[in-house]
Amino acid sequence: MSKIHVTAVVNGDSAEFLTDPGTTLLDALRDELGLTGSKEGCGSGDCGACSVIVDGRLVCSCLMLAAEAEGHRIETIEGMAHGGDLHPLQQKFLEHAALQCGFCTPGLLVAAKALLDNNPDPTEEETRYWLAGNLCRCTGYDKIIRAVLDAAAVLRQERRAA
Amino acid sequence: MPQFDYVAPTTIDDAVKALVAQPSAKVLAGGTDLIVQLRSGRARPATIVDLKRIPGTTGVRREADGSFTVGAATSGAALGEDVALVRAWPGVVEAANLIGSTQVQGRASLGGNLCNASPAADSVPALYAARAVCVIVGPSGRREAPVETIQAGPGRTTLQPGELVLEFRLPARPKRAADAYLRLIPRTEMDIAVVGAGVSLALDDAGNITEAHVSLGAVAPTTLLVPAAGAALVGGKLTDAALEKLDAAARAACNPIDDKRGTIDYRTKIAGVLARRAAAIAYNRAEAR
Amino acid sequence: MSDVLDRPEAGEGEGFKSVGTRPIRPDGIEKVTGRAAFGADFAMPGMLYGRIKRSPHAHARIVSVDTKKALALPGVKAVVSGADFPDLADELVEGGEAASSMRDLAWNVMARAKALYEGHAVAAVAATSPAIAEAALDLIEVTYEPLAHVIDVEDAMAPDAPLIHDHIFTAGLDETPKLPSNIARKHQFVRGDVDGALGAADVVFEGRYTTKAVHQGYIEPHACVASMGPDGQGQIWSSSQGHFMVRTYCAKVLKLDISDLRVTPAEIGGGFGGKTTVYLEPVALLLSRIAGAPVKLVMSRDEVFRATGPTSGGVIEVKLGAKKDGTITAAEVTLKFQAGAFPGSPVGTAAMTALACYDIPNFRIVGWDVVTNSAKTAAYRAPGAPISAFGVESAMDELARKLGVDPVDLRAKNGARDGVRAAYGPTFQNIGFLESLHALKQHPNWHANLGPNQGRGVAVGFWFNVGGESTAAVHIGEDGTATVATGNPDIGGSRASMAIMAAETLGIPVEDVRPIVADTASIGYSMLTGGSRTTFATGMAVVRAAEKVIENLKARAAKIWDTTPENVEWSAGKAYCLDTAKGEQKPLTLKGLAAQSARTGGPISAEVSLNAQGAGPGFAAHMCDVEVDPETGHVTVLRYTATQDVGRAIHPSYVEGQMQGGAVQGIGWALNEEYIFDAEGRMENAGFLDYRVPVASDLPMIDTVMIEVPNPRHPYGAKGVGEAPIVPPLAAVANAVRDAIGVRIPDLPLSPPKIRAAIDSKAG
Amino acid sequence: MPHVVAMGGDVAQFTGGQAEFDVGAGTVAGFLRELEARWPGLGDYVGARMAIAIDGEIFQDADGAAIGEASEVCLIPKIGGG
C-alpha cells in the first residue's frame, strides 16, 4: 500500500499532499493540510459537519477518499471569509445567534453557501430540505434558517447593486 | 479504515483488468455506501477501482431515438440538473434525489445504488418500473441486462467476476407517459426507506392506461417488480376500483421482515398505500402531457 | 415569531445599557470561520493515537485479557486493561452533575472482572498511528464468559432477574433487604392522605406510560489529548462541561494529586449533560504515563452511542383524583428508571419535579433506581424531568378530557404560584408559572384553526435550576478594556452573557470586555456548566468581581483627588468626586484611571470565588400542533409554541435559542428517538442514520415567548433557562397526536408504525 | 424551635422512620452537628448528600446559612442538572 500523491486546489490555492488509499478527504484536510474547520461528527455522511464543496458540488468529506480529490477544486469553511471580510452567511449567523456550541456551524455554513450559490432566493422549505443533512442539536434550526434566508436577501441586494 | 490499494483507471479495459486481477476488488462510484462499509470493516477489499475517470461513466446522453443513456457513476445532483431527463423520467430522478442528504446527492449514483443491492435502495424501484436496462462490461466483453436481473439478495448481485455496470439505458417515452416514486420514512429526510414504490404509466388520448409497471422496495430480500399490480391498472382510467386492485396486488406481493425500521404488518399496508399514491402522481403527470 | 412579555426594552425601566441587548458573541468569529479548536482539533508533537477495545457482550465475566501480541506489534507503545487501574473504595465525590461513586466511575471507565454492557471498555492501546492502534485492538485477546443480561427496567426488577452487582442492597427502604438485587434505591415523596383523597375524589384518572432510553446526541464525539511526564505532572486538553470535573475525576480514578493535573478546556461541541463525566481522559492519561508521550483519544459516533450517555428508559404510572370543578385533590406517581450499568438514574429528580408545577394537597411519589446491562446513564438536560412530565402531563390531558375542561385552565386552576409549598419541599417565591401558561392563550397560535387529522397538545414543565461554586476574575488593561476569566466552558453562548454582565456593572461598552474560559491552573474552582447554573452562579461571580474592581477604582480616584473613597461615586464607567472641598473635579474615566494605575497602586484586577445560593426555578409551557397522515401514521409538526419564565434574559437571543433547542430535542424524543437492542442486548441503531434526531425539514419555526419574572437573588435577575424547555415537549407532542387521531398512545416514541397500528385498533 | 421536614425517604433510615422533628440550631453547621449527635451518621449524610431548604429557599453546601427560631427546614436530595 504505497502512499498516493494528490494535487488539488483547496480554497483557491494549489495544495499537494501524500495520502494512504484509505484516508478520507476529511482526514487529509484536517491532518495533512491542518484545515480543522471541517469536523467529524459521525463518519458516515449522516451529520454534515464535514461538508465541503468539490467542483461546485456539496459533499461530505468523510464519504470521499482523499485520493479522489486529485485535480479537483475544494472549498472548505476556511476559504469562506475573504481576509477580514466575513461572508454574509457568516455575518448573519452571528447576528441571528444561529450557533450555540458552534460545532456543526462550519458544515452548515458551507452547505448554506452551496445552496445560495445555486439558488439565490430559496423558500424556507427549500432551505430546510437542502440543510436536512446538517444536524444541529443545539438550536432547533429556527435561527439557522432565519440567518440563511436573511443572508440570501443580502446577497441578492449585493448582486443588484453590482 | 482497513488497508487497500486505490486505482482510478481511465479505460474500461484497465478497470476490468483491475477487477479480474483482484477478486476481492470493489468498484467505487459515489462511495456513499462503500466508504461507510470500508470504515466499519464490513467491506475489506484489497483494491478499490474508481470508475469516475472512465469516459461515459458520468453524465447523461439523450440518444437520437429519444432514449437516455446515464453513466453508472453520475451523481444524483447531476441527474436532477438534466432538464430533458427530468421531463422524460421524473420518477427515476426523484427517486435518485431521495437518496440521503444534499451532500450524498453530490456523490451517490444509480450504479452504486443498484450494485450495493440493498432491498431498500430508493432509485432501484423507479428503475424497475422504468424498465431500465444496464450496460455491463467484463472479461467477456459487453452485455445488456434488464435492471431487475442484477440484485440477487441483500448485498449480493448476479454480476460475474470482473464485471461492472457501466451505464443505464432508459427507453424513449410515448407522448402521454410518466413515472413517480414515493417512499415512507419516519423523518422527512435522511432515513432508509421503510417502504418504497415506483410506478410508470402510459396513457392513450382518452386517458386510459395502456401500460403500467409497478415496483416495490424494502418489502422483500430484493426490490420487487409486481406485474399483477401493473396489470391491475391497465385498460381503463385510474378509478378507485383500479386503485383498490393495485393496493391488494401490491400487498399480496410483499414478503417483508420485522426490523428496527418497520414491522411486517406495517410494511405490507404501506406498500399498498404508496403504490396507490405513486400511481396517482404518475397518472396526473401523464395526463398533463 | 418571538415575543418578550413584561420586559422593558434595554435602556428603559431598570435602565440597563447592556443587559437585555443582543450583541454578537465574543467567540463568534472564531466559530463561523472554523478557527475555534474543539476536542479533536488539538494535536501535540510526538503525539500517539489511542483506541479502546470494547465488550461485544451485554454482560460477561472477563476471564482473561492477553495483551502480549498487541504489545509486540511495531508502533504500539502502551496497552492497558482493568488490571492497570487502581482499585477504589466506594467513595461519593461531588464534581459531576451529582455525587458519584468513584468505584463505579472507575469501573465504567475500564471494566474489571465483568463487562456490564455492550461497548464497555475492556482495554486500550496507544500507537504511532491510528491504523496501527486499530490493528493492535484485534491483537488484544479477551476471553469472556457470557452471562444472562437484562435491559428492560421491569425485567431487571423481577426477583429472578440476572443479578448485575452482588453488592447492591436496595437503599431507601425502611429496612435494608437481606438479598442483593438490581434495585439500587427507592425515592419517596409523600404528603397528606393520598389514598383517602383518591377515594373521596369525584373523578379519578389512571394511566401507565413508558419511554425508551435516548441519547443527548451532541454532534461532537468525546475527544481528548493527555500528557503525563515521568515527574507525574499531567496535562489534559479535552472538551467537557467542566474541566475542574475532569481534573477531580481523573485524580480520583488514577489516585493522583489534584495539583499534579492541569486541564485545559477545548471548545465543546454540545453536551446537554452527557459531558458531565469522564470516559476517555483517565485512559489517555494512563496510556501517556506508560508510553511517555502525549496520547490522543477520539470516540467514533458508534462508541458515543454504545458507551456514553444515554438517559433512562422509564415506566411512569400516574393516578390523579379531582373534584368536579377541576380541583386536583390527590396524585400518585410511580417511576421505574433504567440506571444503566451502575446506580444513579435521574429518577430522584424525576420524582421531585413530577408534580412541581402544581399545588396538590395529597400525593405519593415513588421512584425506583434500577441497574441494567446498558451504558451507565448520564445527565441529560433537566435529568429525569421530561420522563415523569411525560406521564403526568399525558394524564393531565386525559383528566381535562374527562372533566370536559380546557387543558390550560385545568393546569392554571391547580398551578404553582408564590407561597405554594413544592411537592419536593421548598416554598416557591417569584415564579412565573401562571404567566407562562396564560401566555399560551395570548399567542396567535392558540387561535390557529385545526383541519382534519390535525390536533393540538399542551404540556408544562419545571426545572429547579441550581447555583453552586464558581470563580470569576476581572482584569483591567492599561487602556481601560477588561478581560473576564471564568472556569466554565461556554456551551451555548455564556461568554456573551458574562461580557454583558461585566460591561453592565463596570459601565463600559460590551465590546470593551473580552471573556475567556481559563484552565484549572489559571482560575479558581468552578462547578461544571450544567444544571442551568452558569449565567446565574458564574454570572454572579463576574458581577461581584466587577464590583470589587469598581471599589478599587474608587480608591484610585480618591488617591488622585486626595479624598476618601466614600467621596467617590462610580457611575456609567466614570468616577465622580463628591468632595465639595476639592472644588469642581473632572470625572475620571476607566481609561484614565487604567492609564495611571501604576502610580495609584499597580494593576487593577479582582477575583471572586463564591457558592451561589438562591437560584430561581424555571417553568415552561408548550403548545404543539400536529397533522397525522392516517394511512402512514407519519406525524408533521405544524406549529410549536414555547413560553417560559426566564428570570431576566441577559442575552435574549441565546435564551430563545435554549428554548428552541430544548423544544426540538423533546420533539425528537417524542417522535423518533430510541435505543433499539437485539436479543443479545447489542444496540441495533448506534448511528445517526437509525438513531433519528430531528433534521431541519422535520420542523416549523419554534415560536418563543420569554416571561421575565426577575430573580431577586441575582444582581440582574437571572434564572437558569437551559433545562426547563426540554420538559414539556414529550407530552405536548403526545397530547397533540392524541387530539389528532382520537386514541392515546402511551409509549414513546410515537413512530409511524405505532401510530398506524393505534389508528387501525381504533377502527377495530 | 426550627421545624424540620425530611423529603425523599433517606433520612428515615437514620431516624427510624421519623420524617419530621424540631431542632435547636441557628446555623446549618450547628444543625448538622445536632443531627449527627442525635442520629449518628445523619449529620454527615445530610451534609454530603442533601440540600437544605430554609423557609422555602434551597441551600446547597452552605454551612453558614442562618436558621431562624421559627424557620421551617426542609431536607431534600441534592440537585444536579444537565
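Order of writing sets the labels: A, B, C and D. Residues in every chain begin at 1.
We take it that a residue touches a chain if its C-beta (ideal position, glycine included) is under 8 Å from a C-beta of that chain, and two chains touch if they have at least 3 such contacts.
The structure displayed is predicted, hence computed values, not measured ones.
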### Task
For the pairs A-B and B-C, output the one whose chains share more C-beta pairs in contact.
A-B
### Query
When the centre of a chain is set as the mean of its C-alpha atoms, what distance in Å lies between chain A and chain D?
55
### Message
Need the CA-centroid distance for the pair chain C / chain D, whole Å please.
### Response
26
### Query
Whole-Å distance, chain B centre to chain C centre, using C-alpha means?
44
## Note on the structure
Residues in chain A with touches to at least two other chains are numbered 20, 22, 43-44, 46, 129, 131-134
### Summary
Flagged in chain B as touching 2+ other chains are 1, 3, 188-190
#### Entry: Touching two or more other chains - residues of chain C
131, 216, 271-272, 688-689, 694-695, 697-698
### Query
Which two-chain combinations touch?
A-B, A-C, B-C, C-D
### chain C-touching residues of chain B, taken from the complex the two chains share
1, 3, 40, 184, 186-192, 194, 260-263, 265-266, 269-270, 273
### Task
Under the touch definition given earlier, write down the residues of chain C that touch chain B in their complex.
131, 302, 631-634, 671-672, 676, 684-685, 688-690, 692, 694-695, 697-698, 751-753, 756-757
### Task
State the interface residues of chain C toward chain D in the complex, per the touch definition above.
92, 96-99, 171-172, 174, 176, 186-189, 216, 271-274, 276, 348-349, 351-352, 379-383, 421, 424-429, 463-469, 530-533, 611, 613-615, 720, 722-723
### Message
Help me check something: in the complex, which residues belonging to chain A touch chain C?
### Response
20, 22, 30, 35-44, 46-47, 49, 76-78, 80-81, 86, 90, 93-97, 99-106, 109, 125, 127-129, 131-146
### chain A - residues contacting chain B, complex
1, 4, 20-24, 43-46, 48, 51, 54, 57-60, 62-65, 67-68, 70, 111, 114-115, 129-134
